[in-house]
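Input: a single structure, listed below in structure tokens.
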Amino acid sequence: MIVEMKTGAPGFEVDAVVDKAKLLGLNVQLNLGTDKVVVALLGSNTGFIDTDQFAVLPGVESVTRIMKPYKLASREFRKQNSVVTINDVQVGGQQLVVMAGPCAVESEAQLTEAAGVVKDAGAVILRGGAFKPRTSPFSFQGLKQAGLELLDKTRQNFGLPVITEVVDAQDAEMMADYVDIFQVGSRNMQNYSLLTCLGKIRRPVVLKRGFACTITEWLTAADYLLSEGNEQVILCERGIRTFEDSTRFSLDISSIPVIKKYSHLPLVVDPSHAAGHYSLVPALAKAAIAAGADGLLIEMHPDPRKALVDGIQSLSPSDFRQLMADLKPIAAAVGRTL
Amino acid sequence: MIVEMKTGAPGFEVDAVVDKAKLLGLNVQLNLGTDKVVVALLGSNTGFIDTDQFAVLPGVESVTRIMKPYKLASREFRKQNSVVTINDVQVGGQQLVVMAGPCAVESEAQLTEAAGVVKDAGAVILRGGAFKPRTSPFSFQGLKQAGLELLDKTRQNFGLPVITEVVDAQDAEMMADYVDIFQVGSRNMQNYSLLTCLGKIRRPVVLKRGFACTITEWLTAADYLLSEGNEQVILCERGIRTFEDSTRFSLDISSIPVIKKYSHLPLVVDPSHAAGHYSLVPALAKAAIAAGADGLLIEMHPDPRKALVDGIQSLSPSDFRQLMADLKPIAAAVGRTL
Amino acid sequence: MIVEMKTGAPGFEVDAVVDKAKLLGLNVQLNLGTDKVVVALLGSNTGFIDTDQFAVLPGVESVTRIMKPYKLASREFRKQNSVVTINDVQVGGQQLVVMAGPCAVESEAQLTEAAGVVKDAGAVILRGGAFKPRTSPFSFQGLKQAGLELLDKTRQNFGLPVITEVVDAQDAEMMADYVDIFQVGSRNMQNYSLLTCLGKIRRPVVLKRGFACTITEWLTAADYLLSEGNEQVILCERGIRTFEDSTRFSLDISSIPVIKKYSHLPLVVDPSHAAGHYSLVPALAKAAIAAGADGLLIEMHPDPRKALVDGIQSLSPSDFRQLMADLKPIAAAVGRTL
Amino acid sequence: MIVEMKTGAPGFEVDAVVDKAKLLGLNVQLNLGTDKVVVALLGSNTGFIDTDQFAVLPGVESVTRIMKPYKLASREFRKQNSVVTINDVQVGGQQLVVMAGPCAVESEAQLTEAAGVVKDAGAVILRGGAFKPRTSPFSFQGLKQAGLELLDKTRQNFGLPVITEVVDAQDAEMMADYVDIFQVGSRNMQNYSLLTCLGKIRRPVVLKRGFACTITEWLTAADYLLSEGNEQVILCERGIRTFEDSTRFSLDISSIPVIKKYSHLPLVVDPSHAAGHYSLVPALAKAAIAAGADGLLIEMHPDPRKALVDGIQSLSPSDFRQLMADLKPIAAAVGRTL
């Protein structure tokens, strides 16, 4: 941590910074510049110390953090890539993983048809929402318990693990009986009560990036899961909010190499929510694989025109099959299999 | 709702749009433009219909919503300003309301000293966090239950209502015994489980704006509280995330006249979290009052240099007293009292 | 264009909207909704009419544009893909085009070495800046005239067309003698004097996206070039400014399929400026090709450690050669050649 | 400047950083942390050195700038507030300055009527555009030369200095005969050719903030004007681009105290372009004065319904007079006069 003093800050103000640092068990080195004094605070845990502790001291101009605030999610903590295993599926290995299915579970017929398409096309995990967080209270909120039961039945019939969103810590224990992977939605990435709860349950979690959260905040949120002992964490990039309005969100494709550089956790990409329109999904899916993602989370509906939620961003079965075929040579081009 | 067909879309595609609209009980009017057909869907509840229902139909180029997606929070629903009453404090009336206190409750001495400063300076509600949502799991998370007890004791000693953040629906019932106003933090604005729960408890709620949520999304989130029957909703602008990095967030001062135009709900402003630095707080507080806010939510700590959380954005007692004095003539200039 | 009247707007206010529309030669259709009147204005040129013309009328709540504000750059105007030809290079055809070279021309030795690497690796256009727009007036501003002369000499020696940035309309005529393609930088995308001038010179132009401009504004800026008669316009996505700070800009990968959907113009991607760090460039380059870009604009320096400008985002010769090799199978996977 | 080495970077990589620093005339201090080495580079001109010079070296993890990249615009360079004088008007003193008038000069009658309203209401500078940078080439581009002549005639008739936008360096010398203040528009804040030219002419310049530029970039752009010897620089905040779409731009009210903290230059605020709707302008104008701005730049049109450009954001004469009256007590409340 680097503490920059104001120009002309007197010696006793510098001393106060030094004293506070020593109180916190840090080593200190003074840099006497031409114009101002810069105090370097050294120690392996400076990433967890609030910069405010020093910023509030008289004579301090700015405080800059050098160590990252996340620890367990960092590649410095764990050099090799983590692999999360769900039944016989491995996320983060050489094989790419496609999770697909409808935004919301609507009926047994719909989910069964979707599962068939998903499995036939080569995807290995079925997605479907039972609890839907909706912007308006007057919108369809999901089938809830009935949706979970359909997911459970379908996963048994098709031998496909299922992923579904959990929106309330109170539901998590109960849901663990019905589904294989918990999805934490973008709006809940910083719902620390929920993260702490899921950290204790130790079921695989897909942690979607908050649509206005930095990569650093995302990895620090992952530390909530990891610090409770749950190591089965999969990250999911799903687009960030920007000024551009031709897409629902802006897929932050750069997050893929950045995450691979700074973290050991596997990373999948959701092109559907980023794009907001089915016609843009294939290009984003291909880009994600080319950039190094470990898999995809895609919305596919047996009949998008009849979808209760997000129909416009869902692929049709034929478009989904075409995309799966188109992805194979790209996977091969980057040394992966699909 | 306006459905724009693609150039050259055949008649049967237009018919399909018309049929779907009629199925949903909407009136339809066709606009046969030179280049394309535009279908207007008319009805009082088009604000709640997903645009996707039409966007997915073949031949549709775009769908534009005319009616707003929120209803109960809108000024169309309620013409006159709503006033929320907490004991003898009214938020949304002619009198401005200042809520102030430390970011986190740290000790009885700290809270007592803060309450004294708050009350003497003319603020009428005490703030203090017992449950602190922190970016990192390794940061101080608040005194929790012990903090609530200190808040309860202090409100009785000073006759000041208290506001504190609730981060988990499971805690809400219990917390209602200790505090007067629930604060929903920025990260939880779209935590619909929490909103639904607070809508049922019918205790006043300060709903902070999600730092990357539009005003429309914010008012639609307020509908979650209102639709459960809780009419005691106060909005709080606290800054949005932008590219500018000299402040922690960018206070969206324009949200004040926009909210006043489109909603009947009272609105306070939190200049502390927006600025991220105490030196900028007074200017933002003055601007908020000049722009028409109904009050302020300000961080003040008896000794910011010793604060466990957010010390750098907390005013000292003397700075707070000065600000309260400086705000009076501005309040008068816009026809309010403080 | 859709004009939404306020709830309860009297008939004479609606009439005023209708009268103004007729004055502008537009057809009008009234939609009498349950709550409010919506006026549809029909005509092939409503994309060019300021929405303000109607928004200012009494009783108008909002005005929504249906037609896009750009025309000549739109796919509606020209169905088939445009191809821009520079000597024997075609941009926008089946063959992908890589333009590469140093950020700034520094010396004859540097440019010659760069040109050799570029050509050997299979790139077909040499980039290099002679006029450098720098954030600070105290930074290196480029070799200017001497840089142009080096570019001219090098293109002749190597038989490589060159692209360089033009920052001032006054320089354009003169520069046309030295270089093959003009680059309009991100900061000048809305410098309409410059665009109008380049529209008249009819030399190929690479129009970089303004880092905070929407795709609609970008295509409308292209209309400035096209409307002067210059059809040799190549778009270049180079990242947009967002809140994410781990990269210099956020590459808007979605802009590739969006541009391909709405425009006939060829599109290349600059992963170097988007990433801001060489280690991220290969992933972004691969993603761009997978998503359907027509080519790349890449910074490569013979010795990045000695670069006067942007060394950290420049690939070394060996990294560049590796990337070119890695791109070939991805190009093939999407049906292109490199 | 702080250079953070990678964990485990060998000694010779640290040595290379030290050597480069010494070559650039900087002092160096090594901070041997527990996990990594941090090199502090000391010297008064480190603000102008590209961080890339060090970031490219092997073993370097990150480079953080401590000194600001701007110099002449900084309060460190000049402690007291700068005041810019135009005839008998002073911008930056105790007296607030309101500049008002139509977006575009449309006719002699329109400008004369506007000037009368402006003067009567107590504003002291007349604004009006002759060259209009428009998003589309098919929109009205201003009266150009004829507009300048009307501005010249009107300023003489009313004794009001005039401000107008310059969009092309080639026009600047010529325009200096007709107008008193040059306005650099938001889209041209980083048009360094234009800034350099205006730095040489030494006519007062209002430098509007680029709508996606940081405050640091804005002050560094001011250095382009100042470094050419033109000290008559006035900054103008006019809103930044964010995700919020209920206003045209988001007025960055925080920029007022930030600029006052870091720079000596006077600052005015343009609430009209920020808001994009006349109904929001008064609240933003009041907020700007309360926050400490030195003045306002406001669009006022004799008849907004007939405006050729930006009518919806222009105040009517009666609304403008009302605003001027409402601003007086706010000015008094912050110790200023109007």
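Going by the order they are written in, the chains are A, B, C and D; count residues from 1 in each one.
As a working rule, a contact is a pair of C-beta atoms (placed from the backbone, for glycine too) under 8 Å apart; a residue touches a chain by one contact, two chains touch by 3 or more.
As the structure is a prediction and not an experimental result, all values here were calculated from the model.
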Chains touching both subunit A and subunit B, listed by label: C, D
Approximate Å spacing (C-alpha centroids) for the pair subunit C, subunit D: 26
Between subunit D and subunit B, distance of the C-alpha-averaged centres to the nearest whole Å: 31
Length of the line joining the C-alpha centres of subunit B and subunit C, rounded to whole Å: 38
Of all residues in subunit A, the ones touching two or more other chains: 212, 241-243, 245
Chain-level touch network, classified as line, ring, star, complete or other: complete
Residue numbers on subunit B that touch subunit C, as the complex places them: 2, 4, 7, 27, 29, 31-36, 38, 40, 42-44, 62, 64, 66-67, 76, 241-243, 245
Subunit B residues touching subunit D - in the complex, by the definition given at the top: 212, 214-216, 240, 242-247, 250-258, 260-262, 274-275, 279-280, 282-284, 286-292, 326, 329-330, 332-334
Subunit C residues within the subunit D interface of the complex: 48, 50-53, 55-57, 69-71, 133-139, 167-170, 187-188, 190-193, 196, 210-212, 217, 220-221, 223-224, 227-228, 241, 277, 304-305, 307, 309-313
